[in-house]
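For clarity, chains are labelled A, B, C and D in written order, and residue numbers in each chain start from 1.
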Amino acid sequence: MIKVLLFGAAADRAGTRETEIQVDDGVTLAELWPLLAERHPGLAPMRHTLAFAVNGEYARGDAGVSSGDEVAVLPPVSGG
Amino acid sequence: MIKVLLFGAAADRAGTRETEIQVDDGVTLAELWPLLAERHPGLAPMRHTLAFAVNGEYARGDAGVSSGDEVAVLPPVSGG
Amino acid sequence: MFAIVDEPLDVGAMIGGAQRPDCGAIATFVGTTRIDEAEGASVEYLEYEAYRPMADRKLEEIGAEIEERWDVGHVCIVHRLGRVDPGEASVAIVVAAPRRGAAFEASRYAIERIKQVVPIWKREVWSDGYVWVGSQVGTRDKASH
Amino acid sequence: MFAIVDEPLDVGAMIGGAQRPDCGAIATFVGTTRIDEAEGASVEYLEYEAYRPMADRKLEEIGAEIEERWDVGHVCIVHRLGRVDPGEASVAIVVAAPRRGAAFEASRYAIERIKQVVPIWKREVWSDGYVWVGSQVGTRDKASH
């Protein structure tokens, strides 16, 4: 089970700030995305704007994730 | 009579912060300088580093000064 | 020296903490809520959220980057979360350095990096709806532009 | 907004006075006394003097130059005179602007201009004598370099 955190506009479009997804070990972020977008269709149009973090560090689509990992869905940051 | 104010290193070298010089009306700053340097020889070696103000505004050597004017002898500024 | 907080920022205290006898310059940047106006509506406040503790760690990384690049004596960055009203400070950056060039450059670098890499998001709450800055997602008509 | 004072500077209050709902950025520069060291001696304090009211007027002119060149909402410059101990502030510049680029550039411009045109002078008082900065006049052996 992977914990997925959503922030800002992504949480807004998904309608939730946190969800869990059951995956096979070794799945990549790119493979995780369709599962998430299917569950939260409002996210789908944001795809090209989003970044991801795995366990608190930026990660690319080819990064692998395993059960117990924390994935964060990060819209363009706008601090300051 | 012209009031001459001296600041910083110039006051230090002259040994005074203020003096008065009797001049003919229409004398220039450049003409005033030898009178001042003669009276305060410690100033003489500073000549090329000094700027001058007449009545509170920077002035060049060809600026005329008249009785009642205030001339300030300004070493390189070092505020901040 | 690097913090994410829920309370108003005390910039004076941050500057006081940066005053050191081995430094001659302190450059400070404070980001404040500006009332933007458009088509009869205006921003009423900003609301910030963060992904913690990643955001805390990214602030520390920016501090480390600055210490690598410039000769600085002290770097302090504090970002506020939650509602920040007009004129109030959302972020304060204080850099003390022996010389002013480094202080200016480092403080500027810090705010640019914060806007690039720190997982913090702001929502503009307008009189006619809200919009997530950078995503153009929200409830204002203009948000879909 | 432009002042030359004999007391310690309250930079926090200056920043508080710059927080405005039409500005999103406040850039601040504070110059502090740095302990310089050389050949076994060190700076104990700085002492500033000014040609007033010319110095006051020059500060105001710098403010006017800034308002001509940049879109700023608030400019405040305060310079202290007399003895300024290590770590203490001799000058504080606070610029608020709608956008941060203008605030950064204007605050930097202000300190550079102060160092060019404002008739203020500082004397470094070392453990072994003093030197007028910029003139190399003083009682230290090194002053005649």
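Criterion: a contact is a pair of C-beta atoms (placed from the backbone, for glycine too) under 8 Å apart; a residue touches a chain by one contact, two chains touch by 3 or more.
The model shown is predicted, which means the values in this text are computed figures rather than measured ones.
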Taking each chain's C-alpha mean as its centre, the one farthest from subunit D: A
Distance between chain centroids, defined by C-alpha means - subunit C, subunit D (Å): 25
Chain centre separation in whole Å, for subunit D relative to subunit A (CA means): 49
For subunit C, residues that touch 2 or more chains besides their own: 31, 111
Chain-chain contacts as defined at top: A-C, B-D, C-D
Of all residues in subunit A, those that touch subunit C in their complex: 5, 7-10, 12-13, 46, 49, 53, 56-58, 72, 74-80
Parts of subunit D lying in touch with subunit B, wherever the complex brings them together: 31, 48-51, 53-55, 57, 79, 90-91, 111, 114-123, 132-135, 137-138
Interface residues, subunit D side, partner subunit C - complex: 10-13, 15-16, 19-35, 86-89, 96, 98, 100, 103-104, 107-108, 111
